[in-house]
Structure formats: C-alpha cells, structure tokens
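Okay, got some structures for you below.
What follows is subunit A paired twice: with subunit B in the first complex and subunit C in the second.
Let's look at the complex of A and B:
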C-alpha cells in the first residue's frame, strides 16, 4: 500500500494558498468588528421580521410583548455574529465540495486573537479573555447582591430588580463555569500533553469559542429586556409568565449548550485519536483524563439542556404547553430535563478542577502521583454516576416520595469516587517535599474548600436534612464552596502554572501571594457564615431576612467586597506581569516532567517538529533511572525561550 | 515541521479515526437530544395533567407523517446503498443514489415545515400537541443536518473528480481515505435517523 504524502486537512502544508499571512488584512476581512456589525444587522432584521409576522397575534396584543420578534432578533443576531466572524465560511464552502486547503493562514500578531483561528493555542487564549469577561461581569452583580443584603429593611433595589440581578448573576456564572478550564486550559494544553500537533476538528473548536461569546451576549441582553425572575434554574410556571428577558435566558442556554457540545466533542475525539505513539491510556496525564471525563459530560448531558430550552422557547414563542399544567404540560417536566443536565453540569465544573490539581501536585510535591489509576477511575466514576442523581435537586418539589431514597443513595454514592480524588491528593502529599509556589497554594486551597463543599453536599443529599435546608443559604454556600472554592481556585492554579508556558512570562510572585491569601481568606469569610445563616432559616433569592441575621450578613457582605477586590489584585497582577514589568520565564520554571513543558516557548504553530514517541508517564519525580517521558531519538523541538 | 512518511500516515490515521469516533459521538449527542423529547412525550402522557394529554385522540396529519417518514427512510437507504456501491468501485451508482437521496431529503424537509402550516390542532391545546411541535422542530434539524451531510459528501466527490481526476474518491490517497471515512460516518448517521424516525412515527402517528 502506497502512502501518499498528500495531506488531508488544512494542517497540511499549503502548496498553493492564494493568501499570504504577510499581507495586511483588509478592514472587512472577518474579525470581531465585522462579527459585531453583522450581529447588529442580524438583530435588526430579525426584529423587523418578527414584528412583521406577529404584530397581530393575540398574545402580542394581550401582553404588549412580541416574543416572536424578540426571539428572531436574538437568533438572527447570533447567526450574524457567526457569519461575521467567519465561522460559517467552511460549512458553506463544503456545499460546493471545497476542502479547507484554500483558507487563509493565521494572522500575525495580536489581530489573530480577534479572528476565527484554527490554532488551538490562540483559541485557548481567546477563551481566557472570554471567561474572565463572564467572571467579572457576574462578579459585579454579586457585589450588587451583597450590597442589597447589608440591611433587611433598607433596600437598594426593588424586590423585582433584586431577583433579576440574582438570576443574571447565577446564570452568567454557571455559563462561564462550564468552560472555564476546558476552554482555556483544555484547548491550549490537551494537544501538547498528548503529543499532538493539532486538535481533531480545529474549526469546531473555534466555533465553540465564538458560540460561547454569542451566548454571553444573548444572556446579557436579558438585562435591557427587563431581566428574568426565575433564578438560574428557570422553573416553570414562573418561566412561562415572565417577560421578554426569559427569551434571552432560554435562548442563551441553547447557544451556550451548543458551544459546550462542540467543545466537548472536539476535545474528546482529539484525546481518543491524536495521542502520540506510545501514549497508552495508562500514560495519559491525569489532567487529560479530567478533560476527557468532562467532555463526555459536556457532549451527553448538554443535549437535555438544549431540548429543555427549545421547549421553553416554543412555549413562549409558539404557544405550546410543554410546561403549562393547565394545557396538558407539566412544570415538573422542565425540572427533570433541566436537572438531568444540571447535575452533570456541576461535575463539568468540578472534574476539570480535580484534573488540574492532580496534574500540579506531583510537580510541587516532587513525588509521583499517588494512585494514578484510582484518580482516573475516580473522575470517570464521578462522571458516570452524575447521570443518576438529578432528582436530589427536586426532593421538595412534590416528586413521588418513593423516588427519594433511590436518589439519596446514588447521591451519597457519588461521594465515593470524589473521595478517591482526595485520597490521591493526600497520598501524593504524604512525606513529600512540598514547594509552596502559588499554583500549589491554590491547589491546596481547592482541597480545603472542596472538602467543606463536598461534605455539606452529603448532608443536603439526606432527604430529612434536605427538607429543612432546601432553598436556604446553606445550599447556596455549599455550591459556592464546590464551584467557586473548587473550580475557580483550580482555574487560578492552572493560570499561574501555565501562563509562563503560554506567554513566556512569569506572574509576579509577590502580587500573586497577595492575591491568593486575600482570595482564600475572604472567600471563606464570605461563604462560611452563609452555612450558619442558612441553618438559621434565611432563604436564598429573597432580599428580606430576619433582623437578627443582619450581623452575619454584613460580615459576609464586607468579606465579599474584599473577595471581589482580590480579583482586582489578580487583574493587576496580569497587567503588571504581562505588560508593565514582565519577567521572562525560564523554559521550565517548575521543573515539570510534563510533555507540554518540553516544547519551545512560545510554542510553535504545529507544537512539535516531530511527533514524539512516548515512553513513560510524566509523574516519575525523584525516581532516578526512570524511563524518560519521550524517546529523545525522535524528540520534539528544542526547549528554551525564543524571543 | 518534519513530515516523514510515518508521521504523515500517523496523522492520516488519526484524522480518519477522528471521523469514525466523531460520527459515533455525534450520534450519541443526538441520542440524548431526542431521548429528551421522547422522555417529554412519555412524561406528559403518564401525568396527563388536566386530562389534556391527547383529547379525542387527536393525531397530526397522517399522510404528511408517513410521506416524510418514507422519504427519510428512502434517503437513508439510498445513502447506505450508495456506500455499498462505492465500496465496490461503482462511483456512478453512488452519485445517482446520493443525489436522489438529497432530493428526497430536501422534499421531506419542505413537507415537514409545511406540516406545521396545516396542523389540525393548536400547538398548546394538549400535551400531545406540544410534544408533536417539538418533534417537528427536531425533525427539521435532523433532516437539515442529514441532507447537508449527504450533499456535502456528493459535492466533495464531484470536486475531487474535477481536481484530482476520475477515481479520486476510490484512491488510496489521504483525500480518498478521508472522504470514504466521512461517507461511512454519514451513512451511519442516516441509519440512526431511520431508527429514530421509526420510533417517533410509532409514537406520534400510530399509537
């Protein structure tokens, strides 16, 4: 069999590309500006079309709102956004049989970050900006919430406005958190860690990012539309009675869901197929195992959200009755569909954090990872079990009581594989020589925070306890401990660890320490009192509470302000370290054995000059005589910073 | 960047494997999507809130349903038949089968959209009506995706013939192998559409 040197995809050397990367791009070559322009034009066209269609509908006359126009405006806006950025160029070109060989090469310089890039490293950095934008937006809303809760009788906002701020905060945060690690760190580092030169489907990867940003804008549009009052959980029948902001919520979730499915799809296929020769499953880095488990959830759980959102939109726009009890529908249907996605969703947030700390601990403990297979099994086990626990979110909704013991059991069982992660961490740290660098500090903080969050989750999974604590600040604190205390801390650990690789610059250690300690201490001071507040009966999403709880609320609010300030410190550290006084990073500042650190900095376009041949896993610290990671006879490009 | 024959072959095999894995994973994603619809159907049917699951056993226009189903199955069978002929080197048979399949898919799509216009019940009149409208939306998406995938395969084959010569789709080149892997995944997807279409036909038009 003759193997032709002809290359199948755009990764191939372009023999006759009509475009030169050296030529400056025109003003209307596709970039963020054209995407915004096309989105605005699309929005206006959709709005006009909707008004044209539905101006005389009975519901339009009755409510004064034209949901058809609202929906079509957002739909056309998103399509315009994708057209404007160039996401649809290739799908349209395929209709006439074109392959990707005549696409322009990646732009030079900073403009590539504002374009549709098929370079996974560029997409990774785009995602960092995207998730930080989500985080800061929703963080500001959190500050507004804590300001309102300073006093139970003196109010900054009306009750209606307050619940809409709470809803927007929760929804943006949950949407951001779906991709906070898979997006930036997964996309950037998975190919490097498995020895691949590329992602399996680079255009789908880029599509996932630009869809993610479109989802952000859609959900943000809820505010000018008047917001939505349901919290991030969107329960019917309130959903069906809400204003046009509900369209933004439902459609935003559908768009974000599309982004999640495509991101998970791409990274899962890449991990399965593009592992370098010699990288058997038992040599795959634990971070990659975490991303794979997460990708499985992203691809298989998110369709339920997409379906739920679609049905909600049909109820509002087309007057169906999926969630309307009086017309043959059921509000419980939404709850079941939503939480069937919603519980795997929280593991989509937790598992990448486990993967990050599993990857970092051996580096900073200078010890092999304890129980590598247990760690991988734990993450896969959590992912699998997460499909069988969803009804613990609706114990108090009026479900069949006979269902409760089953879901209580499965929920308590899921703490077992989660416990594996802790055992692996403890085993790795035991008798190790720890280096308390900033990534390590954030990793240790994750273990501390997630222990509290995870244990309180076991309490709430118990049906009798759930009866008293459901809908209280106890639950709120539980999920902030797991999601923020776990995931966001892991994100920070990953950023501090991997930014030197991505940018060639070290994050400032002194500012980083200020950031870490401020964030860790005031995170705990903000959320721990909420367990007490919750046990003393304060419900969530309500802006009045018992006067006796004002002291604790004020303590929590002031701590929250300082916690918010810690993110300003982080932002300052980013600016300072990247632009104001950058300190060049050595090739491998952490002395990591990971394959991603064996490449040059900045990482070349195709990652590896030669596809590496893997001969061992990257955790053999302090094991003299261990087989090296890579067969140096066919090694990757030389390491060392290249200006 | 080094491009030894071994590396080229490795990357080609990874790419072909990705098309295989991706095709199956895509079916997995789609399964969970339509399972959500099926769940909704059975959930609303069993809860029968306000006795409005399916008053008077209302049914969507059956002629439309069977026609759309028939065309969908036809497109799927033709895609499978076409692939079988392609494997035997009969490219012309493959073109005829697949272009016919594309035509059936397009007609089915238009009929499916039109069915919404001629519905004999109000969308929110019952649980059945609501889930049926949801099914129509998903079926429109399915037909669009399936027909798009089929058409792009055929279009790609034509272009390969123009650019690389007759028989390019059968050649053992990287483009040829990639193309055939894509066709295999597409055929698999149509098989899945046939199965799911049968299930929904039974649910909405027969039972």
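Let's look at the complex of A and C:
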C-alpha cells in the first residue's frame, strides 16, 4: 500500500513553517554566555531596585534582611536569564507588533546545545545534562549527610550547616526527579515514538528547559544566602521564621513549577494531537502512555505548588499572612497546598519509570507486552488516584480525624493500579527469552526495588502503624526505594537503551555491568538498613541519634559512599563510550520493533522524511505473521527493521 | 498443558506456598514480639500487632514476585541470537489472569483498609494526634478537657480517672503541664501505670511533633492548636520523647526521656513537684489549651477563651494579654 495523496501535503506544512533557513549566529548572538551575563545584570538591577524601595521598611530594620531586594534580585535575574538566552525574543516581538522572527536553523556541532533550541532532540540532550547536574549536586550533598551521620556525637558540620545541607539535598533532588525522564527521554522520544516531526509547541519546550535550569540556580542560590532550615517540605511557621534562603526556596519552586507546567502541557498536547496517522490510542507505546499520565499530573498538580510558593513569598516579602496563624492565616494551608501538589508529584516521579520498563521489557523478553491495556490503565489510574491521597502526609498533624479512614482507603487503593504494573511485568517475563542486557538489568532492578518501596508504603498508609513510622527513617527509606530505586534506575535503563539512538554510540557493556551491580547492591545496602533505623526510633533530619543505632548508620553511610561511587562509574562509562573509545551503534542494537528505531541515526532534523502510517502496535515480538508496525509506502527499502 | 511439559506455575506456587508459610510462622513467633514500638501501652501493643498482621500479608506478596522473577531468570533467559519464543497474540493478554490479579489485589487492599480503620477506631486513634476535636475518645475522657480548664479535674491512684497532661513544644524542648495538680509545668514527663493519659499537644512557635516512641504517641504540636492524643499505659518502664517534625537547627537534639511509674509513685512525684514548683506556677499564664507567646517573649499570653478553636480570630488574639 502506498501512502495516500494527502500525506505529503501535510508533511510540507509541518516542515515549512517554524524554521527559517538563516544560518546561526556567531559569538555575538544569544547563547549560554549572554544568558549568564544578562542574569547577573538582572540580579544586580533587581537588588538595587529592592534596596531603593525597601531600605527603610521596618522589617528591613528589624531583621537586617531586605527580603524585597532578595526577591527582586532573583526575579530580575531569572528574567535576565530568559532574555539573554533568547526565550523572550518571539513573544516580545509579537508584543510590539512585529511578525516575530522565526528561530534560525540550528548550528551544527556542539554549539547548538548552548542555545535556545526548538529542536526536541537538542532539548532532550540538554535535559540530560541538566538533570545530571541536579543529580550530582544533590548526590554530593547526600554524601555530606551520610558523613555527618557516621557518628552520633562527633559532628562534622554544625547543626545549622547540616540542616541546610539536608534541605538543599531534598529540594534539588525532588525538583530534579520531576523532570529526570520526562525532560530528557520524553522530549527526545515522544515525537519519534508517535511518528511526529516535532513537539506541539517547540518554543514552549525550549522555554521549559531554560526555566528548569533557572530554577536550579535559584534553588542553589539559597546556599550563598545562608540556606533554609525547613527541609524540602518548608513547613510554615518555620518558613516564616527563616532567613533569606527561604526566598530562594519559594521562588525556586515557583520557577521550576512554571517549567514543569509548560513542559507537561507541551508533552500532553503533542501526544494528543501529533500522533501519526494510524497511531490510535491502542497502538501508542506504553512509554508514551506513561509520559502522558505524568504530563497530565505535571500540568494539573503543579499550579498548587506555584500558588503555595507565591503565597509564601508574599508572606515573607509583603508581610501578608497566608500561613501566619496569629494574623488569620493558617499553617495548615501550606501543608495542604504543598501536599496537594506533593503527592501527585510523587507519582510524577514514579509513572515515567513504569513507562520505561513497560517499554523495555518486551524488547528484552522477546515477547509481546502482557496486558497492554492493563498497563496503560494502571498508569492512568495511579495518576488519577494520586490527587485524592495528599492528607496521608499529615495524618498526625491534627487535621480532622474523620478524614483519616478515607485517606487510608484511597492511599491503599493506589496499590491496585500499581499492582497492574507488576502484573504486566511478570506476565511479560512468563515463558519469555530474556536477554540480560544492561537496560534490562536496570528494568528488573526497578521491579525489585519498587516492590519493597511499594509494600512499605502500605505500612505507612495504615494510620495505626503510621503513628510509629511517620516522619522516621522508615519513611525516608520508603521514598528513596520508590524514587531512587524506581525512577533513577528506570532513567539509567532508559539512558543505556536509548543513548545509542541519541548519539549513535553504544555504552560500554563491561563498565555498564560494573555500574549496574555496584549501584543495585549498594543502593539496597544503603537504604534497607534505614527501614530498621526508622523503626528503632530515629526521626528524619536529625544530626544526632541513639548510640545503639551507630552500627546501622555507619553501615548505611559506607554503603552510600560506594553507591555514590557507582555514579562515578556511570560518568566514566559515559565519557569512555562517548568520547574516549566510542563504538558505533548498529541501527537497531536491541532488535526493537519501536518506531523510534526505524528512523536514521543520527535522527534527521525532521525525524521522518515521510510521516509514517502506523498499522500495528510495536509489541508483536516473535510473531512471524504479524502485521508490520509501519506502512512505509515506497521508501521502505532502507528500513532498519530487523527483528 | 501438554503431556511432559513442566507446569511452571505449579512449581512456583509450591515454592511460594512453602516459603510463605515457613517465613510467616518464623516471623510471627521469632520477630513479631520484638517489633517496635514494644508493648508499654495498649496503643503500642495494638500498633505492634497491626504492623505484624500487615507484614504477614506483605511477606507472601514479596516472596511471590521474587520467586517468580528468580524462577524466570533461571528458566527463561537466553543470549541474543537464540531462537525467539513463538508466543503469538496469546502471550499478550490473558483475561482470566487479569481478573484474578485485580480481584486478589483489590480484596487484599480493601481488607487492609477495613482492618486499619477498625484498629484506628477501637484503639481511640491509636495514639495519633486527633486534632482539637477528637472523635475516638476513650471511656471517661470526654469530660477531661472541660474539667481541666475549669480547674476541677482530679486524679488519684486507683480511681481509673484519665490523666490529662499538656505537652508544650517550643524551640527546642518540650515541657509538660499537669492540670490535675495545680497546673505546674515541668520538663520531666512522668506517667502513672495502668492509666488512660490524655495528651493535649500544642506549641509556642513553629510546628513540632511530640513522639513518645514507646508509648506509641505521635501528635504534631502546632502553634495555636490543641492536638489531642490518647494512650493507655500498662506496666512501668522508660520511654524516649523525640521531636518528629523539623523545627529548626536544633531539631536533632530536641529529645528527652520519660517514665511510667506505679500509680502511688506517680502520686508522690506529682504532689512533691507541685509543692516545689508552687512559686513558679503562680507566674505562669492560666492553664489553657493554646498559648500565644508575648511579642516581647517574656510573660506569655494565652487565648482568653481557653479556646479549643484552632484559629482564634484576630480580635480575640492578644485582646486580654496580661499586663507585662
């Protein structure tokens, strides 16, 4: 069958409009350097303005801190950053009534990664670097935490420094984790997997990345401002009491929140509207289902965080009283708003992982995905239910006790759709022919870790048991098992699996094995003892603990160092396989049926020379008579399809 | 199933059943009795049992997945290039498996929720903070708040009366007020054995959380809020109190120790402490369920309505501050 006559017309409209053929600019054009420069200038202007406005405010005199200046400095800094990188060129041009210049065609080579790129593949790579930066920064802070906890009485840091490290670790990690899969892999592969030539809103996509990086710098700026003592949860009276680092925290959430909303919106619209002909909802890859569920959560839950952060900023900067009990506000308002975002966020950090392993398992099991619909329903179900469970974070806070049975029920109900994910995994493994490649190992590790993380979640959601476990190391271990054991392992699986497509180079398998096994073993050895530590009565975020718990804490700390080292192995593998001794990847190294493997490598600027017509779902492994995935018309001779 | 073909599911099932039964029994008898928070109070004992029952259910689930995966690794792994399995469309869906799986998980989950709710209600909130308007009140404890506020609450050994104790969190320590003994305030938490204790938890500054670990009590201390938690002591013993909500830089060292002593010993201690503290007690604000620290930090005001209302309106707040 040949592609029908309308298709090429549509192709033409797709490719013609948003890009001009102008070649890129030199060093005097906009890039990372101008962004940094503009951010610094903006920061200084904002700070000057704030001092000019508020130097004689009573609060400035009373506290010695000019919050207005701190806030305006960050605000202008972020605006400067966006101006400097060129994120606002188009909207500003439109604003003054000009037609708005199209973004020029990308430069070749590495310089495009330092620019405001509307190419979803470039943004994907930029996101990889971005999230790894987040991950390694906050990972170093984790090493500092474990060092402090080596001994209950001899301290490496002052309590002040320690609590700031803990807070910064939590905040950066949480914000990193919101984007670790949706950002890099979602942006890069969603269009490829649904047969689209681009994202729905390429400028918004670039905007989301550059806002994300701005948010990183804003949150990090808390440290030079003196840090914030509230943990990543930022509970209110303490928040109101804290110093200027709190401004960075609150404003950082608002900025990253903006990035999350735009990213989620863009991805969701792309998936809904840019699927190739024939890519019906029952043929969409499971990974795309996962990203869609996540994008929906990001779009719908993050506004609560944005509002919560803004209220906090108003409290600190403008002396409003949203969270101040004595003046008619409520500290419970922060808790509710924060967790109303915070719980869906937990699933923003879990569902993409389910999507990745669902996508990878059939490839390495050489079997159709078991229960495709169950899998999609599981992810959508988790996403929906996640809006109805937030009060389980504040069971002991003194909220209305009548609500507890309800939130216990909804929380435990989340186990049902999560169980679907396990049904799909185990069903796919059943009587398969498993190939233990590195991505497969990481995917299987997710099932191992997430099972422990999920089951311990049932304990915590049980209100009577929660009385002992709430706020202890048990909870800490539980969410590290789900986020790190689930999401970060899935991210690694995805990187090992898809980097050959993104870069054309294979990751080294031997170093990869070392990476996997050290990470898997020492992840478990780091966090499993923390369940016991928590049950034995150690609360979170403490710098001292019972002498009898030192053995377990030391065991956990030493394992944590080796876990940290496993990331160095990963970084080494990345360097080695990409630059030192690159090995060219075959067109389809894992014999995948996925659509993304059927374009050329490196992927052409517009992904497909013809929009593919989809005729089947991509999971018909080992079915000789199955309909092929794509009807490529006449140009199919160069197909990379091998299985 | 064709003749001669191995029934994998039956094999796995056998392994799973044996492992589950053996390990569950071992857990129940060898590990379960030592599970935290111990058995110093009724709440602790019941919460320990809840944990153990959940564990009995969780362990077979864990083993089921692990045994399946382990079995699969051993039997169904292949190198690349090996002949591929010919599953056909049958491998992609099995309606019966789906229904079975969803039914089992749903039943387990709903059972856990029903069991948890039941345990929560019969155990009077299980030691968790129920907020200013508790709903699961132990026998005889419903009038304690009113009598404590009126100064008419009484406690004596052998009377079975519940003992109200107020917990006041502040950066970075807990203090305790005993309204049945002239409202004295002390940094020591001493409780009588075999008594229902009503904790009224509040804070003077930021949010703390009163975690009396072995008592199985955990209630956030919110400024301007009275968070009520119940426990019922059994024998005598010592316990740890830790702050469980991040409250600033010295959060980590906000802990102390309390003890449960016999009712007679408690009576002696309380009367002695009341007498010793009498001069100080006179300087304290009248007993109330929430306190508002004076802006100057010294005398400490209080909500004049003694309100159990969590958010006193601005007009009330500070209206009748003691002259300082």
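We take it that the second predicted complex is superposed on the first by the 602 of 643 C-alpha atoms of A that agree within 3 Å, B and C clash if a C-alpha of one lies under 4 Å from a C-alpha of the other, contacts with A are read in each partner's own complex, and residues count from 1 in each chain.
As a working rule, a contact is a pair of C-beta atoms (placed from the backbone, for glycine too) under 8 Å apart; a residue touches a chain by one contact, two chains touch by 3 or more.
Quick caveat: nothing in here was measured; it's all calculated off a predicted structure.
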>> Once the two complexes are aligned on chain A, which partner has more residues of subunit A within touching range, subunit B or subunit C?
In response: C
>> Touch test for A:197: subunit B only (first), subunit C only (second), both, or neither?
In response: first
> Thinking of the overlay built on chain A, is A:99 touched by subunit B (first), by subunit C (second), by both, or by neither?
Replying inline: first
> A:277 contacts which: subunit B (first), subunit C (second), both, neither?
Replying inline: first
>> With both complexes superposed on chain A, which partner does A:330 reach: first (subunit B), second (subunit C), both or neither?
In response: both
>> Per the contact definition in the header, classify A:339: touching subunit B only (first), subunit C only (second), both, or neither.
In response: neither
> Which partner does A:606 reach: the first (subunit B), the second (subunit C), both, or neither?
Replying inline: first
>> Applying the document's definition of touch, where does A:310 land relative to subunit B and subunit C: first, second, both, or neither?
In response: first
>> Counting contacts the way the document defines them, which residues of subunit A are shared by the two interfaces, the one with subunit B and the one with subunit C?
In response: 325-328, 330, 332
> Across the complex, what residues on subunit A touch subunit B?
Replying inline: 1-9, 11, 13, 91, 94-99, 196-197, 200-201, 261, 265, 268-270, 272-274, 277, 299-301, 303-304, 306-308, 310-311, 314-315, 318-322, 324-330, 332-333, 336-337, 340, 604, 606, 609-611
> Which residues, counting only subunit B, touch subunit A once they are in their complex?
Replying inline: 1-5, 7-12, 14-15, 17-18, 21-22, 25-26, 28-30, 32-33, 35-37, 39-40, 43-44, 47-50, 52-54, 122-131, 133-134, 137-138, 148, 151-152, 155-160, 172-175, 177-178
>> Considering only the defined contacts, which subunit A positions touch subunit C in the complex?
In response: 159-160, 162-163, 229-231, 233, 235-238, 241, 325-328, 330-332, 366-374, 394-402, 404-405, 408-409, 412-413, 415-416, 419-420, 422-423, 426-427, 429-437, 444, 447-448, 451-452, 455, 458-459, 461-468, 470-472, 535-537, 539-546, 591, 619-624
> Quick one: in the complex, what on subunit C touches subunit A?
Replying inline: 8, 35-37, 43, 46-47, 50-51, 54-55, 58, 61-62, 65-66, 68-69, 72-73, 76-80, 82-89, 91-94, 97-98, 101-102, 105-106, 108-110, 112-113, 116-117, 119-121, 123, 125-136, 201, 205-207, 209, 211, 213, 216-220, 222-225, 227, 240, 242-253, 292, 310-311, 313-314, 317
